[in-house]
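Please read through the structure below; I'll follow up with questions.
Each chain gets a letter, A, B, C, D and E, in the order it is written, and its residues are counted from 1.
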Amino acid sequence: MTDLLFNLIYVLLFPGLLFCVVMGVLLAGLDRIWVARMQRRVGPPLLQGWYDFLKCCGKETIIPRHGKKAIYYGAPLLGFVALITISLFLPVVNGQAAFSGTADLVVILYLLTLVSVCMIVGASATGSPFAGVGLSREMVAMISYELPFVLVILTVSKAVLAAGDGASYTFSLQAIADYQAANGPLITHWALIPAAIAMLFVIPCEVGMHPFDVSEAETEICEGTLAEYSGPPLALYRLTHMVKMFIMTALFCVLFLGGISTGFVVLDTLILIVFCLVLTFLTMSLPHAVCARFKTEQVFQFYWTVVAGLAAVSLILVWLGF
Amino acid sequence: MLPYLTKALTNLVKKPVTEKFPAGDPPKAAEGYRGRIQYDPEKCINCGMCMRVCAPQCMHRDIEKLENGDQKITFTFDLTSCTFCSMCADFCARHAITLSDDYMIVGTQPEDFLVTGTFVKKAPPPKPKFTPEQIAAMKAKAEAAKAAKAAAGGAAPKPKLTPEEIAERKAKAEAAKAAKAAAAQQGEA
Amino acid sequence: MMVTNYIGCFVLIVLGLYCMVVKHNLIKIMMGMGLVDYGVNLLLVTVGFHYGGTAPIFNIAELTRASFFVDPIPQALTLTSVVIGACTTAMSLALGIKLKEQYGTLDTRKIRRLNG
Amino acid sequence: MFDKLIDNSMAKSPWIFHINAGSCNGCDIELVSVLTPRYDAERLGFRLTGTPRQADIVVVSGPITLQARDRLVRTLAQVPEPRVVVSLGSCPRSGNVFKGSYAIDGPLDKYTHVDVSVGGCTPKPEAIVAALAQAAEILREKRKEMHK
Amino acid sequence: MSAFINNFPVLAVMTLFVGGFLNSLVGRRHAVLQKIVVLVAVTGALAMMLALVKPVLVDGEIITYWLGNWEPVEGWAIGIALEVDALSLFFGLIVVVAVFVSGVYSFTYMSRDDSLVNYYTLFMMLGGSVLGLVLSGDLFNIFVMVEIMTFTAVALTAFRSHYEGALEGAMKYLVVGSLGSTFLLVGIAILYSQLHTLNLAQIAALLPEQSDNPLAGVAFAFLFIGFASKAFLFPFQPLAADAHAVAPASISLMISGVLTKCGVYGIIRLCYILYQNMDLAVVQYLVTGFGAVTMFICVTMAFQQHNFKRLLAFHSISQVGYVITAVGLGSALGVSAGLYHAMNHTIFKGLLFLTAGAVQHQTGSLDLDGLGGLSKKMPSTTALFLIGAASISGLPPFNGFASKWMIYQATFQKGVETNNFFFIIVCVLALLTSVLTLASFIKVTQSVFFGQLPEKYKDVKEVPLLMRVPMWILAVLCIVTGLFPTQVQNWLLLPATNAVFSAASYIDAAMGEGYAALHNIVSSGVTSLGVSTCWSPLSWLALLFCVTCAVTIVALLGGPDNKEDSHVSTADENAEELDPKYEPFFSGEESVYSQVGGSDLFWGFKHSWRKYFTFWTNWHSGVVNDYTLYGVVVTAFVLLACIIVL
């Protein structure tokens, strides 16, 4: 009974639904404020993301004639749930995940993919030609960041395994957290720094932040994937977008900045939040303020050459035992 | 990329340049801004020039005949039709129309965009009647004046200015110019 | 003696493969397939052949450890293989006729609607 | 409780969709300048969207030309409720200098109820900001009426 | 009873063959009787294979059946044997399930074709031959079954000979396929010349002693290429593409789900039981390399396709590449991952082919550029396709994810254990292939099921129930095998993997106790896979349910109050049809038919890789001589490698 209660708390409050949403809104709001400040604007209020979400909830939903209703409603929900689920598997606090041992890095990689796929299929189900172009671009963006992401995952796993006692879990997040708790954050390992940089590049593309938001170009292809979305499903997509910012930064913390623990949950959470804020600023706000939107093939070429190259260098270094 | 980056980072610590506007009073418009039309019916003489020069035909004139023969004239300026070109103001002989610097032309009803003014144009007084003798007298008077003019014809040439006088006038003009420049300099300082 | 056989079947197979790779006429390709088949059949028979062996026909009483006979199994295999080869040829010829009807040619360079 | 929250957020996050119905681009440029650092409409929650489906406020500029008329009507129909229509500049309300042209089929009132209008040719960005703020309030009122 | 059960393998094979025979006797006159015969035969085979589950998979017995009771004498197996160990039964189960589903599907799907007698006869022969192949304990029998399989498959490919390219595809399949069969026979001949036996168990016992014999290596190369050509591995993949694209969908299911499995089964049998040389690094490189190259090239080729089934065909081969990659690792985890993926591949690929068939059946077209918006007309098929697509792309919680997860684990673990970078590259390739697979299924989803409905498909209807039932069976299997990976591992994969690694007991079962020990064959078998699944979909699903509830509650509390509005507006279909509100936003333009699909997608990616794509498109030239050449060249390469190294 208490187990069930705890599980419910994990799922609904911390680190599940509520915490994710709060963090997502916080990060999204701060990101927008920072971008505004870098352009010498005032920027929206901190809770703007929350207002957007609520507003969209209150709007009418129009399903276009060629749309498929079940998928129109179901895809955003499934994507959001998949995203929330990731948070339960991340050993963010105290090096412990809410549900440790039930998922590893590959599962998280695929759940992230699932989130994007839900968006793509949802867009596809609207039948809009703009959504068609948007989902095509989203998919190319996904192919782009997947290669460096995979290389980073392999690098980290290998680095942990090389030092560890040959644990049978090869992609285990728990092993990574434990290793960092014992040996300090992985980012202090110099051979992993290129991989960390590559991961920093992966974050904005995975989230779909500005210079890499090829799939949602507002004026170019009319919001692309979201062209036909309105009302609560759109609200869920916006929320998913915000929560993804938190999940991706937290994933970076788990992979490269883990092992910093004070033993108190509250303090650890605060440290995590600080890390997430810094990462959000570095990976999302700065490029947003500085870069113009990439072209689709530029994204692809950039990720498969520069970013994947960085990750590959790291992988080879780790492989050679540095 | 790098210059943008440094600029962005330095901007982060600077104060935003955003106006406070919706919170406070609207800022003053620039000098010479052509905003909401102001119409002074007291000055208007109903010459109709403004209506002739208005490209989008934004004025509307209602003429209502009163019982005593007076005309009640209502000018309506539809600001949603106006291009704020200021032609009407320029052509208004009596300066009855001016364009103010009020740019806050926002409203939900059509009435919010109308500028109206009404004045009553008095009917002209009835014409005096002259007797034939009076007319004859007037005619004679006019003819006498004509004859006098013919007699004095060409006797009054324009007075020529002496060179001294010309020099004096030139000096005067230059002094005025210098004074003006000095005033301008002072103003700038 | 046996070496000749092996060389023969090698040559047959290589010739058949050459035919299949180089010739663009479907009939010639079928002939190549036949050649390869014959080569393999020859190989099978040769594998089972023992120089100086007798035919493998014995009573159970006659059969001793010293009986020296040709291995009968490859012959059975060859028989099967020949049948299969005949099937292949029949099948490909049937397809060839139909193809000729549909495409109007037997040139493989022109029978390439399915590509890319 | 949620209804109240939503009503309040309505006014705090109105998204704008801009329709150019044959405008000379003067108003369009001024609308974009509303988002620039000096006027920064984003601090009020405004955001320019690319599709009518996500819009709360539809900003129409330009006299309704014959070419633009059908597109305008169709796009307006595609905006989900509650929505607010703002006419930008003199043209949509009257046709301005193009009034009476054979190529114009205005004014905007013929096709939809115009909630807020901004006069001016072109309006000053401050006026647009004020109009949009007013539109946001109307949006909140409309939403309140919807669930009554 | 148990004695009787020993007859089941041969009975199962015979049921199908006899069914085919009976069918050609009675089917010409009685259409209903024909269907009954087919149904009884496939159900009978299915039931018999299921009856074998208990003794073989659970109790771990190995059932040996000597035809004509010709048991081995003095250690020489002359008779023809059927030997069913867990591996055989595993593949046998896959085969009978696929045959059953395909048969039931055919009833409606083929109803518009004539000369159905030929179809069903060939179909049953195909099923019987494949079942015979996987259950056989005799090498030459395997060859014969391969030949029957190839012929029936070729004939069935050409069955709808009026279709564009049906004959052409069959012709290419026949020419290059017979090349593969010939290599197989050459391999058998060489092997026989060295060992003088054809019984698999005896070969397995004798071969390791011949490890210095170069001819054994040559035979290995030929046999490997022979089986690889049946699995359509790298140089042979154009055949599969051609055959799939033109064959009826039920036959595509058989080709992808059953025929390729024969190749996979052959390679596993060859490498693990006969030669037992999987611990050699070079064999691992060879098999894994073939698999990796196949999976990557095929998945990229799928990007270039405009035909629904041709695209599926390339994916099919790509997934077989996954299987071979995993199998080639030589570790227990790798083999079980490969087997798992082989099973899943049959299920999801069958499902996808059947949905393609449904689309073809209802619209008469498979052109990705011409279809669109079918989700409105065929909702059930769309749901089924989405399940299949999610499975093949490895999205949780479907079965493709579970098996791919194991493949990644296995490759990475292998790389770490041997400290070999090759396997890491393979792992990266596998992960990358997965996302590319996803991409091209997005393309299909978008261009066939979503988007706008072309005018000419306005009256398309959902497929009949009899066609939906087989698809739903496969879809449920997709979900079930994905949701219970632990149970699948324990009940199916572990016994099969154990069988793969216990050559000794395989030999002993056929040749008598102690025969393996006589030839110094010791095998330990596998008792656990070393990796308990980190992935537990059930707990994940519970979470998903919780969060869904929470989100729904939140959404309902603050939800839209305009539900009635939308209800009203959808109630009147006609009004919606005319209301511009429900038109897709097209920048205000009147909505014209504007389907983004087929070749228009993934521009940035395709553009960056245009040279690669052009090369491979030209490579798949469609000229049968080229395909033969590729086959010969690769054979020569493998031959050289084997001669030099083995």
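Couple of notes before you dig in:
We take it that a residue touches a chain if its C-beta (ideal position, glycine included) is under 8 Å from a C-beta of that chain, and two chains touch if they have at least 3 such contacts.
Keep in mind the model is a prediction, meaning the values are calculated, not measured.
Between chain B and chain E, the least number of touch steps comes to 2. Fewest steps needed to get from chain A to chain C, stepping only to touching chains, is 2. Across C-E and D-E, the chain pair carrying more C-beta contacts is C-E. The most centrally placed chain, judged by C-alpha centroids, is A. On a Cα centroid basis, the chain most remote from chain B in this structure is C. Centroids of chain C and chain D (each the mean of its C-alpha atoms) stand 81 Å apart.
Centroid to centroid, with C-alpha atoms defining each point, chain A and chain B lie 64 Å apart.
Mean C-alpha position of chain A lies 35 Å from that of chain D.
Multi-chain contact residues, meaning those touching two or more other chains, occur in chain D at positions 2-3, 5-6, 37, 40, 43-44, 51, 53, 78, 81. Multi-chain contact residues of chain B, defined as those touching 2 or more other chains: 16-18.
In chain C, no position touches at least two other chains. If you check each pair of chains against the touch rule, the ones that pass are A-B, A-D, A-E, B-D, C-E, D-E. Residue ranges of chain D in contact with chain A, taken from their complex: 2-3, 5-7, 9-10, 12-14, 37, 40, 42-45, 47-51, 53-54, 56, 78, 80-82, 143. Touching chain E in their complex are the following residues of chain C: 13, 17, 20-24, 26, 29, 33, 36-37, 40, 43-44, 47-48, 71, 73-74, 77, 80-81, 84, 87-88, 91-92, 95-96, 98-99, 102-103, 108-109, 111-116.
Of all residues in chain A, those touching chain E in their complex are 8, 11-12, 16-17, 54, 57-68, 70-71, 77, 80-82, 84-85, 88, 99, 101-104, 106-107, 109-111, 113-114, 117, 120-121, 124-130, 132-133, 135-137, 139-140, 142-144, 146-147, 150-151, 154, 157-158, 161-162, 166, 168-172, 214, 222, 227-228, 231-232, 236, 295-297, 299-301, 304, 315-316, 319.
Interface residues of chain D facing chain B in the complex, by the touch rule stated above, are 37-40, 43-44, 90, 93-97, 99-100, 115-121, 123-124, 126-127, 129-131, 133-134, 138.
For chain B in complex with chain D, the residues that touch the partner chain are 16-19, 21-22, 26-27, 29, 33, 35, 55-58, 78-84, 103-108, 110, 112-113.
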